[in-house]
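Notes follow the structure.
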Amino acid sequence: MINRIGVLTSGGDAPGMNAAIRAVVRTAAQHGVEVIGIRKGYSGLLEMDTKGLGVDDVADIINTGGTFLYTARSEEFRTAEGQRKAADNVRELGLDGLVVIGGDGSFEGARRLSELGINVMGIPVTIDNDIACTDYTIGFDTAVNTAMEAIDRIRETSISHERVSIVEVMGRGAGYISLWCGIANGAEDILIPERYDGNMEALIEKLVNHILENRRRGKTHHVIVNAEGIGHTHEIAEELEKRTGIGTRTSIIGYLQRGGSPTAKDRVLASLMGAYSVERFIEGGSSEIVAVHNDKIISYDITEALGMYKDIDAFMYKVSGLMVRS
Amino acid sequence: MINRIGVLTSGGDAPGMNAAIRAVVRTAAQHGVEVIGIRKGYSGLLEMDTKGLGVDDVADIINTGGTFLYTARSEEFRTAEGQRKAADNVRELGLDGLVVIGGDGSFEGARRLSELGINVMGIPVTIDNDIACTDYTIGFDTAVNTAMEAIDRIRETSISHERVSIVEVMGRGAGYISLWCGIANGAEDILIPERYDGNMEALIEKLVNHILENRRRGKTHHVIVNAEGIGHTHEIAEELEKRTGIGTRTSIIGYLQRGGSPTAKDRVLASLMGAYSVERFIEGGSSEIVAVHNDKIISYDITEALGMYKDIDAFMYKVSGLMVRS
Amino acid sequence: MINRIGVLTSGGDAPGMNAAIRAVVRTAAQHGVEVIGIRKGYSGLLEMDTKGLGVDDVADIINTGGTFLYTARSEEFRTAEGQRKAADNVRELGLDGLVVIGGDGSFEGARRLSELGINVMGIPVTIDNDIACTDYTIGFDTAVNTAMEAIDRIRETSISHERVSIVEVMGRGAGYISLWCGIANGAEDILIPERYDGNMEALIEKLVNHILENRRRGKTHHVIVNAEGIGHTHEIAEELEKRTGIGTRTSIIGYLQRGGSPTAKDRVLASLMGAYSVERFIEGGSSEIVAVHNDKIISYDITEALGMYKDIDAFMYKVSGLMVRS
Amino acid sequence: MINRIGVLTSGGDAPGMNAAIRAVVRTAAQHGVEVIGIRKGYSGLLEMDTKGLGVDDVADIINTGGTFLYTARSEEFRTAEGQRKAADNVRELGLDGLVVIGGDGSFEGARRLSELGINVMGIPVTIDNDIACTDYTIGFDTAVNTAMEAIDRIRETSISHERVSIVEVMGRGAGYISLWCGIANGAEDILIPERYDGNMEALIEKLVNHILENRRRGKTHHVIVNAEGIGHTHEIAEELEKRTGIGTRTSIIGYLQRGGSPTAKDRVLASLMGAYSVERFIEGGSSEIVAVHNDKIISYDITEALGMYKDIDAFMYKVSGLMVRS
């Protein structure tokens, strides 16, 4: 029997976290389940920084970015002792389940709690879309659109000045934002870590050749979208300018990709996944991660989920190549 | 052997049409295939209103709404004679294939051409998402986000004045925009034609009860999202105001849902589907409709595709009910 | 000596109201002045619906639309008795001054209170820009940009379909939104009440001639921006379609013009005017309306202010004519 | 008699340049004056890179960022010889006047041409608002709103993570963007070069104290808006983190501030100023800069204009101080 559950947000914030919390609270209310909000992720769980959450507490937040429960990183929770204390606190709070909203790192923490007997349910929210078990992570669509709109603007000034622009988007190990923006912005080059072999010299040479070839064809601007994981964007820019003789400007999109009112997709999927997580608890589910697979909401066992691997879509990558060449 | 193909946009315009044309042209260029743009849909095909399209003709259009090839409805093309003439014109233009970008009505036209021996490939672009063979139609995401942002604004003034607002979004026979906006905007009521039994009196009574019940609970605003197919929105508003005694305002989102720079999803899917359509021609595909199924780009035989049926997602509809109740 | 002041928002809501309240509260706090928020305008003043407002109560609202103090119309306050009661309530609350945030109607109410001995200060906030004493009213810039972005979208679909579009923006007696959007959207015709002589037949004829003349010149779309004060937009559209034979579509922008996160101009001017209103109280000012004149913040005696008249800018009107002709 | 004029854009691009060109062309057309567009600023003038501009050439550009005439910096034009050649080219093109759209540097070039007998008219377009003779420069409003929306997003993630954020906006010698964003975003600290004495150590200490004092009061986020002219933003961030022990993140808004569809204000003022520049030529004006003064469009003699000085508004600066303190 599920009478009371907890909910926390952990790791990097992303648009849609509030919509997910709201869906958890509203769905729980429909089923007569009490919800305890835990502030500042696992750190707040260790400090018992909690508050009861009713339907009125989640009014007018579906369209807001960030997380009103805050998020934080916790050194203490990385230790076995910290994890035991956290599990004890869950029990002390009388929680029959804990919804963890976050990314891979947060789910690894959830898995540890699960091994200590806590009933957890993960909702994948990260702008990077880099959680293997799910086709989609909440926050990605908003981040891509934010970055894309920024690059639309940068492209305009790049055209007016007939310059090369290299734009760095987020995604350390994951090139999804870069690949999507690269296609969506009609970039002339798209760099993603999944297809980078570490040979910077060869990469620079390829870019230089592409820029010069485009100039010869009469195309006088050139936008390169780079994922933050590849090299140092400022240094690449300097090298390109030096070798091509063409003014090259760097833009780092940065933290603005994390914020903003979520897009329709992020609001709707956060609502679906938040509702699903509570329904799984009620149906007896335990230690799972909610996921999108083939356009349906499902869930996986957390250990299984964390062992999965996903790659970028092969056809999308192929098309990105077709679109940049000319 | 595919040496030359035509491309046209038909039916209601939607954001992403230009991105799809661009992908067709760029992919064809990679394969050495010539592209002839046909202006104003089937009407322009009948009038031979065409122009060759090279890579430079589709520069800087991926981020634009509307269709630079224009679109129009053609009475003549509805006749058997018109269709024969159109097929003859395709042959006269020496087209080995014709890409038709549009919705259900446009595909019905394409099927007729197909029966007359023309090799067609359909790309589903309509803001209504009401094409049965595909999980997604290009333009839908942009339209939903545009309507959602408008409703976010309307909601604010509704809250400040403690009013009821009924907002009509597009979708005559299809409630997708309404359902998505209803969830994404945290609407208090969501009306969709797929779940409307035609009993307006019962619907009004249900809305009145919900409004009054929310007031009793202390909730002093109430947003209803309505699909255009259900009743007459102004009349519903008058009836609600009369019966509840609470100021009720109507907003018709209207044509602004059709325009605007496409979202990342619409730009990317238009690129993928546009590329896919050309690749299918080259692989020998004939008389197909490109579709998204289980998050992959595939294609169906056009006759099979037009015979399909799809309903709104059952879990999404259930969640919409969970989110509005309180 | 000013120890305690009240603040209320009244009339139609507009983006920037929250920013103005915030500036009042923060400026008062700097001067050790207590602030009482009065909910629902004069209606709430009559019902003593109040709450103390400290700096924390106005955190994170500068970027929000609507008014968190709500607004309402009050029949009772229109009576002499209601006004006396309101003045008594201001005294009972111990308010040394009352900041009224709103439009012309709200200021007329403030003037009545002023005659009953209440020390009032008006801050002009209305999307219509129709307050004579000030070059600018808070909310106008946001409303114009919202309407303009909507019309940008409508224009695109109008171009794709080669149609006539008539778009109605707000402004019953005032054509500012229409004039600004008309210029900003590059409309083909701009209708404003200040320059409309009431002869609908002549207006229709002029529009028909302009549409047909543009078609002859090869321009196949035509956007007309209309202020809500002129005729009935749907009927004008029908008449145009009938007489020109060209598909004509109507869009009513409606309530979405009232909402949304305020633009920089509205946030900044609300901050300046809110601060100014409190400083005027402290300097001994009484019964004034804060205004923008020649790009400076000043204030006028309220009776003088309400007797002023302003017209649209002559050069702007002339340029609007230069830009639409072709 | 004015029969033919030229128009060029020069210096850094800014939203509204296209709207200004359009207004020049349309106004000239009304007066039967021919317009020659000169590409790439003075550089294109030296190379005679020109094209005739008719009304159709400026269709559908009022809502676009960048400049379709391109802009460039020219080393050759900085020399006396280059300037003589440019003046000769103006005469060879038969131009009775030259409209220069740009900033201070571009106007300095125009003044040189004026001394060589060329009839010039300057239209102030720069995102920095740093042209002394005019209260407003086209492009500023769009840039401020773009930066403000970015900072709204950054603020959200800053709140979720309870961090300090330092955000650098453009404006090397001019703090207008920083001051406006600082107020509009409700920043906790606003740094502008006009009020910076060069003492970085004192500035850091003041910021550290403010951050720590706010923490003591329970405020757990802190946004600092910095103009690019002050110090090195990354280094300031490092210093703040070291001294406060609170996570501090840097965001450089960068080139995206230069692009984007212009706001209503920028489109309207570009239309007014563009029209005014042509009318001044026709009225016999010569060697002037168009300006906004006291909300009216006027013009100044170019030499007089370039000798003017303007400071940030004293009341606005005072209010910025009132709003950040708490």
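Letters A, B, C and D name the chains as they come in the text, with residue numbers starting at 1 for each one.
Everything below uses one rule, namely that contacts are C-beta pairs under 8 Å (C-beta built on N, C-alpha and C of every residue); 3 or more make two chains touch, one makes a residue touch a chain.
Predicted model only: the values in this text are computed from it and were never measured.
Novice: Would you pick out the chains that touch chain C and also touch chain D?
Specialist: Joint contacts: the list comes back empty.
Novice: When chain A meets its copy chain D, do both sides use mostly the same residue numbers (more than half shared) or mostly different ones?
Specialist: same
Novice: Using mean CA coordinates as chain centres, what's the gap between chain A and chain D in Å?
Specialist: Their C-alpha centroids are separated by 35 Å.
Novice: I'd like to verify one number: the distance from the centre of chain A to the centre of chain B, where each centre is the average of its C-alpha atoms, in whole angstrom.
Specialist: Computed from C-alpha means, the inter-chain centre distance equals 28 Å.
Novice: Between chain A and chain C, what is the separation of their C-alpha centroids in Å?
Specialist: 40
Novice: Could you say which residues in chain C touch two or more other chains, in rising order?
Specialist: Residues 152, 159 of chain C touch two or more partner chains.
Novice: So which chains end up touching which?
Specialist: Touching chain pairs, listed by label, come out as A-B, A-D, B-C, C-D.
Novice: Write out the stretch or stretches of chain A touching chain D in their complex.
Specialist: Checking each residue of chain A against chain D gives 9, 13, 17, 40, 64-67, 70-72, 146, 150-162, 165, 249-260.
Novice: Write out the stretch or stretches of chain B touching chain A in their complex.
Specialist: My answer: residues 22-23, 26-27, 29-30, 55, 60, 62-63, 135, 141, 144-145, 148, 152, 159, 180-181, 183-186, 261, 263-265, 267-268, 271-272, 275-276, 294-297, 315-316, 319, 322-323, 325-326.
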